[in-house]
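What follows is a set of structures to go through.
Okay, so chain A shows up in both of these, paired with chain B first and chain C after.
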Partner chain A sequence: MKRVSRFIRNHKAFTVFFCLALLLVAVACFPSLFASQDPLKAVMTDAAQAPSQQHWFGTDKLGRDLYSRVIYGTRISLLTSFALVGIVSVLGTALGILAGYSGRAAAAVIMRLSDMMMAFPGLVLAIAIAGIMGAGTANAVFAVAAVTWPKYARLSRSLVLKIKDRDFVAAARLDGSGTLYILRKYMLQLSLPSILVTAAADIGKMMLEMAALSFLGFGAQPPAPEWGLMMNEARTYLQTAPWMMIFPGAAMFLTVAVFNMLGDCLRDLITPEEE
Partner chain B sequence: MRRRKVQGTGTVILAAVTAVCLLAGCGDGSGAGTAASANSVSEASGDSGSAGEKVLTVGSGQATSSGLDPVVDYDGWYVLRYGIAQTLTRMNDDMSVSGWLVSDDYSSNEDHTEWTFTIRDDVTFSNGTKLTAELAKASIENVFANGQRGPEYFTPTEIAAEGQTLTIKTENPEPILPNKLSDPLFAIIDTTAGTSDPAAEGPVGTGPFTLDSYDPTTKECVVVKNRNYWGGDVALDKIDFVYTEDQSALTMALQSGEFDAVYNLSMNDVGSFENSSDYTVEKGTGGRTTIGFMNENGPLGDMVLREAILRSLDKETYCSSLLMGQYTPGITLLTSAADYGYGELKDPNAYDPESAAQLLDQAGYQDRDGDGFREDPDGNTIDLDYVYYTGRPEQQIMVEATQAALAEIGIKITPDVQDTSVVMNRQKSGDYDLLCMSINMMNCGDPENQMKTFFCEGGTYNATGYDSKEFNDLMDQVSVTADPEQRKELVKQAEQVLLDDAAAIYYCYPNINFVMKKNVTNIYATPADFYWVNEKTDIS
Partner chain C sequence: MCEAGKKTPVLEAKQVTKRFPAAHGQTLTACENVTLSLYAGQTLGIVGESGGGKSTFLRLLVGLEQPDSGEVLYQGTKISGLKGKALRDARRHIQMVFQDPSEAFHPRMKVRDIICEPLLNYHIIRRQEVPEKAVELLRMVELPEEFAGRYPKDLSGGQRQRVGIARALALEPDVLLCDEATSALDVAVQKSIIELLVRLQREKNIAIAFVCHDLALVRQLSHRTAVMYLGHVVELMDGRDVAARSLHPYTRAMLGSVFDLNMDFTKEIPVLKGETPGPLHVPEGCPFRDRCGFVRKECAGHMPPLEEKEKNHFCACFAV
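Moving on, here comes the complex of A and B:
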């Protein structure tokens, strides 16, 4: 207990943002506890109503409760961005470690592929991929993953290159350790802190990219309560019903800010020597 | 630590300054309340033209599907809208028809199989060539030789030209041939002008403007003054027609002064312009109907499903609430603005969501897998692809309202937004379950042709598989009936057949608007919907 309270005292910012992130995760896991109405229930006679006691954030163009849609939107945003970060960090790290540790041929193939993907502007390529595959959340996740994994591959490869010729690795080899064991025990373990910090900092960015794709019509599709999509739907009502844009936008801003700050704090926590 | 604090403060200040700059950029420079008077006359607009030129920029969510050849698809509409070409006759605001390139003394024989028109003596094409009956004949023949929809209007057995007298003999009686010739499909163009690709180069017409440039990618079309215009001086030097389906972009471009006028502004925004003294809003009732076509070559082949869909749609509320009261709820195929049975015909599938669900229950549509949506009686998943475009503001919201309403009775709809040209092509090919489109059913001042095109067996845009002998027979009778009252009665009967067959969804009857800066004059929102500009269109 003492250790916990000392940790909190020493890492106040991290604790605050971690608690806020936990709250957001709780909202995402149990939206029905926080939402006041069904986010898909359209009461068309209540279309485009301003915020009121009945509808805290007002209603959208089909008379759906905006507060409930924003709450349920947390689930889609967090789920897709966590899934994205998970996919790209696992895939990119695995490929990067493989490229760094194995021979030149594998490295050449993996890294040239990665160079190729990085030569395109990320979002533009994601739009192209999503455009070809068709609009939808799963396709948007795939599209963003396809343009993001090289970052992790390059990072993990550089970390592996840094340590693969160190004495303890040579000793492990002499000791008869297998390649898989070395990869897991040394390469992965030593790369992990940097990868984790990068992944944590990327959650916010992924959220924005997914929302951008939905905003452009390539991600979530109606009637999904997704923040990017909600903002797109609000564009034509910007002057007459600005709340349709403000609340999903604010939710996105706050969520991205929380995860970005958490990522920064995590970086400070894991790599204190850089301070 | 201190350095970090300073950095943090700097970041906050930088963020604040950036936010202020962004908000200032988003700010409404002219606003619905303070229209910019500049930009229009090119001294102010800079690159719009040389000094002293009068240039007008018009924004629209509508554009050609494949170019400016009037005989292709509905591209003739734009040839007329942009003031490049004209037709022999024209539709008036009361939906009657009178002479335009012909004098008003046109006549027919008793059984309406032979019509005689006198081409006006003073009409010239933009290249200076005089319009003769021979050239008018060549232009009409071009419709049948190179177009697709000509035979849906009439079948000529002989077109004769002598001096300025044009005689058209038809296979069947054609009591409303002058109306049909007012359709933009029959825009009069100079077929001897040596235009190798009229779609890209634009036709040589008799209108007050000629094509300066057309970009097939952006569909932006620039027309310039026709110096040989037969109808007198043309006030404007140039009009730039800019296309974007983004409704908010249209609104903001008008407010910022980038556009001088916008065709069919969203119902969300038109009110704020009406309340502003800096803008003029032209409104027309028109003959449009926003239709949801139901493709019977698929799950919607089952009439029970179509009936259930129709009964679940609360069109009154859609119009009063979602469309801000700017549209009239649809009942019949033909608009309430025309006297074709809006208040008389019986809709067997009026709004009744409970009976919609009952119909589906009785027919064996059930949710067997518990996903909240019903499967068909054979257990197949139903997921209806609803194709639409956003160029008309009401379409997206009607599609999404339908999606929400049908979800209530357990029918799944997937909206499928596409470009206008893609939607037109898919309407022709039948690649959809549902397709939403606003159609001007009264574009000749009479609904005969559009009813044939969209609902008769073999109609160019009837890919729904709808084929009713009763309807086809009635339309055949309409074609040869001269008496206006009798025609009307037959059309009403045909409309009732469509209602009884649950052939399509009639969402609403849109009003057309043209919003323009106060200094813009003579831009029109007419019932025909294709007479946007003329020689008097001006900007001060």
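Moving on, here comes the complex of A and C:
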């Protein structure tokens, strides 16, 4: 307990953003506790109402309660961006470590592949994938993952290249450590802080990217309460019912800001410990 | 080669050559035709300037590098060129202490886990036995037991080097290779590490190869001393002969640059002429001929062979 309170005192900003992020996660996990109405229930007579006692954020063009939709939107945004960051960081790190530690042939294959994927603009690939496999959240995740993993592969490879020629790795090989053990205990463990910092900073970015795809119609499909999609639906009502745009936008902005700040704090927390 | 015929060497390098490709199509010759042997309970000192191939030679012995030609034998069995499990089994008997004790350990492993890692790797002890075994190993290298729970960054250089020795000796190897193991330490600590090595060698009958550029230190410590210059062994002699009876011009020149309290400061200090050409530009013939005061015509032709000039004293020089 003492250690926790000391940690909180020494890392105030981190604690604040961590709590906010936890709150967002809680909202995402149990939206029904926070929402006031069913996000999908359309009451046409209530269409495009301004914020009021009954509808805190107003209603959209189909008369759905915007506040509840924004709350439920947290789930989709957080889920997709967490899944994305999870997939690309695990996959990219594994491939990068492999490329860094193994011989030239494997490295050449993996790194050329990653160069190729990096050259793709994410949105264009997502449009292509949506064209082939149909638009949807899962396909959008797949498309963004396909162009994002090289970042982690490159990062972890460069870290491994720096570590692998150091004496303590030679020492590990001498004292009988197997390759898998070295990869896990030395390469992965020592590159993990940098990977984590990058991943934390990427959550917000992934969120924006997914929302952008949804906005363009390649991600979440109606009637899903997704922020990007909601903003697209609100586009035509910008002058008559601006709240339809403002509230999902503000939710997006706040969520991304919280996760970006958390990522920054995490970086400050981890980096000085490095050396 | 000491008491040749009576003993078989524990570890033996036969005409080992190692070259590395360097930038612009050049080749870096790290070791050229090196033949040296290690005997149980004896120390082989290897001296020479930086870039002389000493460290590479140790890495060849231990299988971190593979020789381009020649072979490394452990107890008469070839171990160079081995891979995978065979290499791992062979290595168990040959361990190494590294030069820089701040670079030799996983920065986030506790001393306890560092020194027991080899034992866990070879399934000699179980994880529950780590604390107990760690204390035993720490005691062996004269470190207090409470160091077991510390991180290497919390220890001093000399303490870290003791941890390195504990790790290297955990597997009870027959051969211990010390790659400038004391160079990064200050003199008093150096002395205590050397004393520790000598004691452990006596107790466990280990063969030690001690690479160093400090001639005076090697003279104290080693039974045999090899002098390397640009990848070649130019002289091999009994340890105590280094000062008084060394023959090769390079060794003599190096001795001239050893400072001593009793030396005559009125005399001019002899300085080795010129720079080492460097392992990228090893001259044809004798590699030392550019800097040698006794250079002859045949020196340019080919490398003088390592010949027994006196009993148990080998030297590669035409002028001797």
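The definition used in the following text is that the second predicted complex is superposed on the first by the 271 of 275 C-alpha atoms of A that agree within 3 Å, B and C clash if a C-alpha of one lies under 4 Å from a C-alpha of the other, contacts with A are read in each partner's own complex, and residues count from 1 in each chain.
Operating definition for what follows: a residue touches a chain if its C-beta (ideal position, glycine included) is under 8 Å from a C-beta of that chain, and two chains touch if they have at least 3 such contacts.
Just so you know, these numbers come straight off a predicted model, no measurement behind them.
Chemist: Please determine, from the superposition on chain A, whether chain B and chain C clash or fit.
Modeler: These partners fit in the superposed model.
Chemist: Going by the contact rule set out at the top, does A:F30 touch chain B (first), chain C (second), both, or neither?
Modeler: neither
Chemist: Which partner does A:T240 reach: the first (chain B), the second (chain C), both, or neither?
Modeler: In the superposition, A:T240 touches chain B alone.
Chemist: Is A:A171 touching anything from chain B or chain C once the two structures are fitted on A? First, second, both or neither.
Modeler: Only chain C; A:A171 stays clear of chain B.
Chemist: Which partner does A:G63 contact after superposing on A: first (chain B), second (chain C), both, neither?
Modeler: Touch status of A:G63: first partner only.
Chemist: Kindly classify A:Y186 by the partners it touches after superposition: chain B alone (first), chain C alone (second), both, or neither?
Modeler: Touch status of A:Y186: second partner only.
Chemist: Draw lines from the C-alpha centre of chain A to the C-alpha centres of chain B and chain C: what angle do they form, to the nearest 10°?
Modeler: Once the two structures are overlaid, it is 140 degrees.
Chemist: Quick check: superposed on A, how many Å separate the nearest Cα atoms of chain B and chain C?
Modeler: 28
Chemist: Do chain B and chain C touch any of the same residues on chain A, and if so, which?
Modeler: none
Chemist: Given the complex with chain B, which residues does chain A contribute to the contact?
Modeler: Contact set of chain A toward chain B: 40, 42, 44-47, 61-63, 217, 221-223, 235-241.
Chemist: For a test of understanding, state which residues of chain B touch chain A in their complex under the given definition.
Modeler: That would be residues 32, 246-248, 251, 266, 268-269, 271-272, 314, 317-318, 321-322, 393, 397, 400-401, 403-405, 407, 414-415, 417 of chain B.
Chemist: Which stretch or stretches of chain C touch chain A in the complex?
Modeler: 59, 62, 64, 88, 91-92, 95-96, 98-100, 103-108, 117-118, 121-122, 164, 167-168, 170-171
Chemist: Could you pull out which chain A residues touch chain C in their complex?
Modeler: So the residues of chain A touching chain C come out as 166-168, 170-178, 181, 185-186, 189-190.
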